[in-house]
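Chain nomenclature is as follows: A, B, C, D and E, assigned in order of appearance, with residue numbering initiated at 1 for each chain independently.
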């Protein structure tokens, strides 16, 4: 039954969100919904990053009271892999940046053609 | 050496400073940005110079004080230095170009621009894969940001699609990275490579994710709608930087990531590159808008670079040389062109006629187009050459044909665009002005193009042998274009004279003949140039370019030098032809046929170069592998220049529409370059150990049919110059057929015809050109009765047609007599008879020429037209003296020729006893026949003149007109539709079968392009779907579905 | 064999041929008259016509090329006689045939035609130009079977020089090339029909359509020169075919007899057939004569 | 045939209709109705064939008489429409729009009689004579013999014999005259 | 309707003064033409296109040569194929077996340039006279005219016609008149015999006579040919 243990579940959720996000981008006609589904995908990826760093039975990589420090105790043995969590921070910031810019675009697109349907913005073609 | 980290530090520092300092002056902010970019380019320039002069080795930069697995490290190797230097330099020039634009948008535009450049630098230098992802995202956000803050909503849609697409790609990359970390435990690329990820379970899928996003960044063909829209939509100055920057950065990123994956990936990348290169250029053919054409062209060039990346395994040592050569040309030319579009602001390519208002811009556009298509002296020419040579060494002819087809398609639409710019009517209201800050970057780029072109040439050993002096002479003439005509003309003639004086001693007899035809012929036709008034802008540099090319061909020792001369000649002659008034479509077809021919030569040379260290010209003598293919392609290439049947449709238009003194240059001289080529090939075939009889036999038939098609076409022409152009096709058919006989007599005939054709075709074209200048029209039925006004022109054309038709006293008969003997001795009876019948047809169109133009009724508006200009008469009568001497004493020329040919074909030569020539089956004397005919002629003339002393001179209407008086000269002059009866008998042969064939092909290309480009529907979502589908398809292709 | 004697002999030969040509045209007109039941002209009529034309007092000229036309034509006729051996074997009457072979003769025909064409063109009369265009088109078509036939002969005898061809045909009727190489002979004879310019192919000087075509504007001495060169050309055309196919002539009577018969072969054919339009005559030469020519070469070369 | 003539007589109150033969009739109509009558006959009564158009110079009553002769191919009957023009103002409405051959007839009549048909295609061009300066030559007030006498050089002493008497004196000089003597001089 | 009437009246008035207007067609009037280099050229369709020189007498040579040439000219008379009036149907029979004029060296030629005799066979309307004069003047110098029928002698039965001339020799010199209201071919042959005698005696020099009093002939001709758009002497 280890299939349903914590690490795997979060992986599945992450992949699920990514697929959901992709589906949203490809199917929704409204730009805001596209941006929303993009953020869903973004969070899916972030969950994936974090869940990959999970080590069963280890605690968060913050050296505080929950982790015994001591001469012979190596902290690494007790904590989960810290690098993915560092990476996820940057990924979230970048995700945030992109979404902000997308929303700014959505605003300008709306101002341009008073509509948010993606199909109306295909003037540069062929 | 300044530590490269300062590049990033400076950029970030100034970016934050501008942000923090608040409302400092925009100029100050702009100045500060430019200063930082200058500093960044200085750093990378310092490193690049270090590497170039060899005293520096590549060094790693460690951040945050830790070793790689724990921290990001950057590398400043030779490639990185070079690429960052390019990006920064472009950034600097872009900054200058966009200074006013950014100033208008505000300070943060400068900041974003700075961040963008920093992003490119880091993507090139970083060795950490996550860092790569971060800075990739930064560049895409910066690009989208710059597009967003532009006024107007032209590019908003494109920006949105761009941002969405790049975000999806980078999230795929992120997934790949995180799994790579999960498997290998490190983010450093070098370590990932060592951990040979690809052998682990599930490793290939990770590699697939990473590489596919790297590839998608390079906008591969089906999934690059979003990239095209940005290039087209964004402000030109800016889209230039994006196109150049992303190209360099993402290409290098892919190069860094490739070692991770298994070797097949290079094959897949090469495949994708090929698809993009051909696909983008195919679609470019159908485009009408200037920016969109440029967008397709840059995507196409990206495809080519991917192709090189994919095939780098086969390039051995000069992978850098090829890659950087083409990259540099693409970047410089593409950016320059984008900025040029920014200045000219014409939307449709047809409207580009307005560029003619500033000839300097037209020159710039010409430079960029010729650089992109890969003409000498630009770097892409040498790189493409080396690339094709190395591929051929490994027998990869499939890839070579891909390159050739792609570059041909690119040449199609770029040349057409240039044709519109030079020739379409300029009746557009809107105008443009040149700001100084926009033009200076472009000038710098052009200068760089030439300089780098020269250095790339020096880089290779064969390239170094190319003699660049003639090209310098052309440049001198270009800058002296403001001088009056007679100054430039004298300089040009002196230049050629001196060149001839220095080079002719070293040449053997064979090359000497062609040298005389090219240079002395050139001087003679240039003398006719004195007739023109004013400055005649742009004629002399271009004419000298052609002659420089011709000289280079003669002088060539190596195949590269020959190909270099060949391309120069094509460029020069293209510019010459396009000067004619209605010559745009013909110049375009001429260029495309010549390019087709040039690429055939390239392919042939590549086959010849297999396994050869030093590609000297005599490797053509015994091509080891696939000789039939090699010689066939060589012949095909040269036959486009001699306009043999099937490849002849460009000649009538090109020579017909050219200017009066250009048509003789192009017709009498240029076609001989093709003949020289055919000659070299045939010498090669002669010495080759393989049996190439069938190839010579086919060449014979091609020559014979060309004679028939050329002469028959000429009979029914209404336009005098078109008639002479068709006659040139016919005469060239003679020459090709004669050389194809491959016997002593055959070659002697070929040479006689080459010399003869040069002389009488130059005479005919010069005279008719001068007459056209006087009369103002090409149509023969509008001229007539000019013998009374232009007796000297009449005598010249009379001698010309007697010589051309082969009537005994003159030199044409020498050719015909040798022809008879050669054909009977060789045994090619039926081709021979077809040629003799076409000789009869020659007589028809020659009579038509002289009757409609000089005899018959003098039209009203030509009553007091003056004799043709004195400057035309000099070369004409010099050539006529030449013809007469050659007719009277043929042995003066034929004997030395005989000895020359003897060392190729020793047996059954032409035996000379004094002035009597004997072959195995016939005898003839030139001087004897000339004397007896002259005596008979003068005798009868004397007799008749005596008995008709007091003849009364009549005027034009004193003719027997069945009792009536003729009312108008137009109604009594027989000129229009002159051989109506003969047409009714032979019309099936005059149907334009070849034209319809070529038209069908061009329509086919246009239809497919029109059909395929439908996939770019402009809808953002559709583009995203393309990306996803592309990923799925590539997934199945590359990993075949195994996880 | 001093050059003067040779020149004198050639001149004498030319006079013989000139008078024989005039006589032959008189006989031709007499035969056509007899066919129509008329007495026809006295046999000396051509001489009188020539004399009368030379005697005409006014001469008009349209320009330089106009009066050079007949001179070219006459030089062409004189040259045809000069470059062809009149009598085989006799050094006296071999004329200047040592200067060139049959190619020279073939292409020298064009010399006369070119001059005539330019002269008629200068005349400015539309009919003369139309006549010339028809003549040239027809000549181009004639050249096809003629060249095929001559090449077939050249292969058979392995030579292009006329003397050697005649030499090979000596010794009786049997080895005349009309019998040894009949197909080539047939092709050449059909081409001869066109070369002679009698009825089926006399469109060039068709009297009623375009009043005698090219020489419309010519009169007095010019017309005299044209008539005499026309007469010589008729004889020399016949002589060419004689030398090619019928074993040449070793004595003047044989020369006269053979040229007479060849000339009247085309006359009799002409008397029976109506005149062809230009496209019909050109196409006619592309049918049977062309086929015969190709067959001749195929037979000889394999 | 009678029915047709009857109908047009009432319609255009024609004066004396003459039945030359049972398939040939002549009617006279005023000048201004002439063309209307011709058009009426052509369109309503299938007189589709235009036979001829002629003109007679009645100098005595100072009038030109124009005759339009039409033929009905179905009924195989002809009808001639006569109109009278005043000699002093010889102008008639042109009928060139009905049949093309009328152009030539009108051109001839213009040259011969000087009757002008304004609007008829190239009516002023020479029909037969070139450079004719006298009054129209078919008018009866034009004396051709006098004109010939004046312009061309008549040979003196030319006289005409009456063939009948002259031949009889020549052939049978002393035969008695049986036939009645004609008096032509 | 009445504006149509007075418009007709106005037209007929304008035609009345036709006599003064010149008969030269617009094509033959002077015109301006733009040359290729932009300058304008004045074209006078009569003096620019025709040599327009006066004919001059061509004296016969001295005795014996002229006699011999006259003999040759008599023996080969080439007749111009130009039939006017009803007599031209009499000429073809000469070429048939019954009469066979070839025996006497008489031959029909298509162009005036190559012909010596001109047969005026019948009445000559003013229109035809204009063409006859041009063809006659284009014939080379020793040229003879045979006039058939009474119409050329004294106008014949068309003596009182307004358009035919009465005496031919007022317009072109005539060598031999052959009387008859169309003489039969035999008479025509007799005419030729008469002409031969005249030529042999050297009395057939009418061409020089035409040249001598050329102006008088030309005045007569121009009096009746009003639309003379040709040069005075047609070479």
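In this section, a residue touches a chain if its C-beta (ideal position, glycine included) is under 8 Å from a C-beta of that chain, and two chains touch if they have at least 3 such contacts.
Please read these numbers as outputs of a predicted model, since none were measured by experiment.
In summary, no chain was found to touch both chain A and chain B. Of all chain pairs, the one joined by the greatest number of contacting C-beta pairs is B-C.
The centroid of the Cα atoms in chain C and the matching centroid in chain D are 63 Å apart. Between chain A and chain D the centroid-to-centroid distance comes to 112 Å (mean Cα coordinates, whole Å). One finds 102 Å separating the Cα centroids of chain A and chain C.
For chain E, the set of residues touching two or more other chains reads 111, 113, 235. Each of the following residues of chain C touches two or more other chains: 58-60, 211, 216-217, 220. Taken residue by residue, chain A touches two or more other chains at no position, since every residue touches fewer. Chain pairs that touch, as defined above: A-B, B-C, B-E, C-E, D-E. Interface residues of chain E facing chain B in the complex, by the touch rule stated above, are 25, 27-28, 31, 33-37, 39, 41, 43, 45, 48-51, 53, 82, 111-113, 131-132, 134-135, 138, 229-230, 234-235. Residues 54, 58-65, 67-68, 70-72, 74-75, 78-79, 82-83, 96, 98-104, 107-108, 110-111, 113-114, 117-118, 121-126, 129-130, 132-134, 136-137, 139-141, 143-144, 147-148, 151, 154-155, 158-161, 211, 216-217, 220-222, 225, 277-280, 282-283, 286, 293-294, 297, 301 of chain C are the ones touching chain B in the complex.
Of all the residues in chain B, the ones that touch chain C in their complex are 785, 787-788, 791, 794, 798, 801-802, 805-809, 813, 816-817, 820-821, 823-824, 827, 829-830, 832-833, 836-837, 839-841, 843-844, 847-848, 850-851, 855-857, 920-925, 928-929, 932-933, 936-937, 940-941, 944-945, 947-948, 950-954, 956, 958-962, 972-974, 978-979, 981-982, 984-986. On the chain A side of its complex with chain B, the touching residues are 18, 22, 25-26, 29, 31, 34, 38, 41-42, 45, 48-49, 52, 83-84, 87, 90-91, 94, 97-98, 101-102, 104-106, 108-109, 111-113, 118-119, 121-126. On the side of chain E, the complex with chain D involves touching residues 1, 4-5, 7-9, 11-12, 15, 18-19, 23, 126-127, 130, 153-155, 159-167, 170, 220, 223-227.
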